[in-house]
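My questions all concern the structure below.
Order of writing sets the labels: A, B, C and D. Residues in every chain begin at 1.
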Amino acid sequence: MKPIVEAKDIISKIPNGATIMVGGFLNAPETLIDALVQHNVKDLTIISNDTCYENQGIGKLIHNRQVKKVITSHIGTNPETQRLLAAKEIEVEIVPQGTLAERVRAGGSGLGGFLTPTGVGTVVEEGKEVITVNGKRFLLELPLRADIALLQASIADKAGNLFHKKSTKNWNPLMAMAADLVIAEAEEIVEIGEIEPDVVHTPGVFVKYLVQKERSAVL
Amino acid sequence: MSSDIRGLIASRVAKELKNGDLVNLGIGLPTLVANYIPEDVQVYLQSENGMIGMGPSPDEEHVDPDLFNAGGNPVTILPGGVFFDTALSFAIIRGGHVDITVLGALEVDQHGNLASWSIPGKFTPGIGGAMDLVAGAKRVVVAMEHTTKKGEAKILKDCTLPLTAQGRVSMIVTELAVFEVRPDGLWLTELQPGATLDEVRQKTAADYQIAAELQREEAKSAV
Amino acid sequence: MKPIVEAKDIISKIPNGATIMVGGFLNAPETLIDALVQHNVKDLTIISNDTCYENQGIGKLIHNRQVKKVITSHIGTNPETQRLLAAKEIEVEIVPQGTLAERVRAGGSGLGGFLTPTGVGTVVEEGKEVITVNGKRFLLELPLRADIALLQASIADKAGNLFHKKSTKNWNPLMAMAADLVIAEAEEIVEIGEIEPDVVHTPGVFVKYLVQKERSAVL
Amino acid sequence: MSSDIRGLIASRVAKELKNGDLVNLGIGLPTLVANYIPEDVQVYLQSENGMIGMGPSPDEEHVDPDLFNAGGNPVTILPGGVFFDTALSFAIIRGGHVDITVLGALEVDQHGNLASWSIPGKFTPGIGGAMDLVAGAKRVVVAMEHTTKKGEAKILKDCTLPLTAQGRVSMIVTELAVFEVRPDGLWLTELQPGATLDEVRQKTAADYQIAAELQREEAKSAV
């Protein structure tokens, strides 16, 4: 049984300077993000697919100047992130999307890194070890981990098992493995046994706390 | 870019799709390719955020808040489709399972190099899935207008902007022409309706060879 | 729509010397294995979790002397494999189970390799590059691919999407990505649409042919 | 090994399990640990072939042909359990998500090195999941008889057989004693009922320190 907690209570434990993975793809767990904005914790490093839209999802944290650095694949949908980057008020590490996903997976899987063809011969290669295997050049990319992962789920059971409907799986199952403290916000929280063991997308052992998504926060 | 030009390019690219292909279409013009797929060709569209079997956009009342594509737009899923996480999505892309990807370009050169993601100091949206797609897809087709808005060539001897990948482009389709990148260099293989070899020559900064059929046609029309 | 074919017809296309991945965990797709035995193709390299039991599953291929080499994690359940190994009549490459799984995944995912802590300081390290990341030593392990993958599924739809019940998932979703020709044997073949897109374990795009599992071959 | 001895070892190991732990039990003696878990402690058992929440073996008429453990034996799944593929199973193992793994050993040494998979020329079953488990689990507990059938020490200064992993063992539980591997070396921390410091000394080839409590007890009993 995983504790079902209030977003503000669990979020209040996050210290300034924390590194946070945020699940989602052009969206984010809004109830948890709203609590982070409320708590006004600062100097965060955010690891996420994108920075959502201006003042939406992760964009709220950007707008509220809570983010020191983002490690992400894309900031094109959020002009404010781009403005802050140009003004040197935020640090942005741009990582190819597939490499970012694999780095998070490596972080959760105990791998020391992996060799990818992505980015060979581009600026992404800079500062990285290039390893040739069977005559083909690869970049050695390193794992990513975080202090906290904030996830979203369509359905959570009380053992913490998560089911993510349709295109909402995205980063959630990966980030669940790669952070020390995993908090999942669910649209619906059900009894143990209501999600079949064959169709769980994120095993409950990774999840520490459950939060009920606020209805008003559903996009 | 006029919708005529976009349609011309997209419809030509669509002819490259074969039955059963797994296809990834970039945001913008490449997305239009889906509108021109012949009825007897069934392809599977992939979206980087985690699906195969992506269908057309729904009308407003059928929008599903759990079903978006990699551009954040509402889509549908066709029968037989599959959803998965981002790691599997890019394992599919990087692993060579995507038969063809269609992307726009800022610049492309005669070596098959592609620049599509950054104009330093001006345009820095990030990389997204482009580098993985270009590194991993079996065929990379660039679909773009032949020149910039100012009329400058985008098909160059060597890209000047930051690359998306080295030597991975296999075909370039514009409103004027179709080029193929072959082991012996760039080849002009087709002219679009109304275009001339001369116009292509003026608007292309790359070195390229001209397919024999096109040379014969020009010889004929010069008679 | 993926072709539903007879095991003997599709298996007859496999040449001597082929490298074959076989899904399963102490079992195998028996209908396909039986066809392989019938076809009597030789000099196979088998990549699999184990060699099953004596004259069962992959053990049938071993018993019938069709296997030149196995790349596997474990041969303890098949004394015949051990006897042939001692007699130098078969080549056995033993790979730690998790490393084997990750090598197959890398082969299907376009990765040039990965760094694992598994096997550091053991004989597994021999002949491998050791790479130190943040002061910790890792082995560089390389990807595995095969000509053919023979998989098992509980349910297949006609688009090739596979559902593997309970503990039968094992290697099947991984090997589906890492072979040039993928053949899946299913207990049940259903119409497209009967497996929900949210619960597919192996996407159909990887699968080329479907074979109906023979009832008598169900263990 | 008598079932008394096996039970003694397994029941002592079971005390190491904490509520909520993700636990992987090796084949053989370690499997017995599941029978001694206190009622107020809920752990999740993992099996390498792809499940968390493994339950006890079913009776014959409830055997499910789709539900086996990594040893090929029929098992059950408890409410809240999950099935997954082998890659995720070992991502969980290698990624440090398993709180404790219990394994048998051929040899274990004072540096925490473990040899459990091979006697060259005699016993070559393969590696299975052992190397990943020992490399990845947060705690590695060895559960074994104190000596070989011939009475030779299995707890050594240095392992002589091929290693499973270097320096990863944190605890050794035998029918005579409990040892902990600490940064400053091997410590004897407990005697099993009926065992004496002297007997342990005779049957152990490793250098080890003796916890203060045990020394005091021996001093007392010597009085």
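Just so it is clear, a residue touches a chain if its C-beta (ideal position, glycine included) is under 8 Å from a C-beta of that chain, and two chains touch if they have at least 3 such contacts.
Since the model is a prediction, treat every value here as computed from it, not as a measurement.
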{"item": "Required steps from subunit B to subunit D (each step between touching chains, minimum)", "value": "2"}
{"item": "A-D compared against C-D, more contacting pairs", "value": "C-D"}
{"item": "CA centroid of subunit A to CA centroid of subunit D, Å", "value": "35"}
{"item": "Distance between the centres, which are taken as Cα means, of subunit B and subunit A, whole angstrom", "value": "30"}
{"item": "Length of the line joining the C-alpha centres of subunit A and subunit C, rounded to whole Å", "value": "33"}
{"item": "Subunit C residues counted as touching two or more neighbouring chains", "value": "102, 105, 109-111, 116-117, 165-166, 197-198"}
{"item": "Interface hub residues of subunit B, defined as touching at least two other chains", "value": "51, 77, 83-84, 90, 93-94, 135-136"}
{"item": "Topology of the chain contact graph, where touching chains are joined (line, ring, star, complete, other)", "value": "other"}
{"item": "Chain pairs that touch, as defined at the top of this document", "value": "A-B, A-C, A-D, B-C, C-D"}
{"item": "Residues of subunit C defined as touching subunit B within the complex", "value": "105, 108-111, 157-159, 161, 177, 192-193, 197-198, 200, 203-206"}
{"item": "In the complex, subunit C residues that touch subunit D", "value": "25-26, 49-50, 72-77, 82, 85, 94-99, 101-102, 104-105, 116-124, 154, 165-174, 201, 218-219"}
{"item": "In the complex with subunit C, residue positions of subunit A that touch it", "value": "102, 106, 109-117, 131, 133, 136, 138, 140, 142, 163, 165-166, 197-199"}
{"item": "Interfacial residue positions of subunit B with respect to subunit A in the complex", "value": "47-51, 64-70, 72, 77, 83-87, 89-90, 93-94, 124-132, 135-136, 162-167"}
{"item": "For the subunit B and subunit C complex, residues of the former touching the latter", "value": "22, 44, 51-53, 77, 79-84, 90-97, 135-136"}
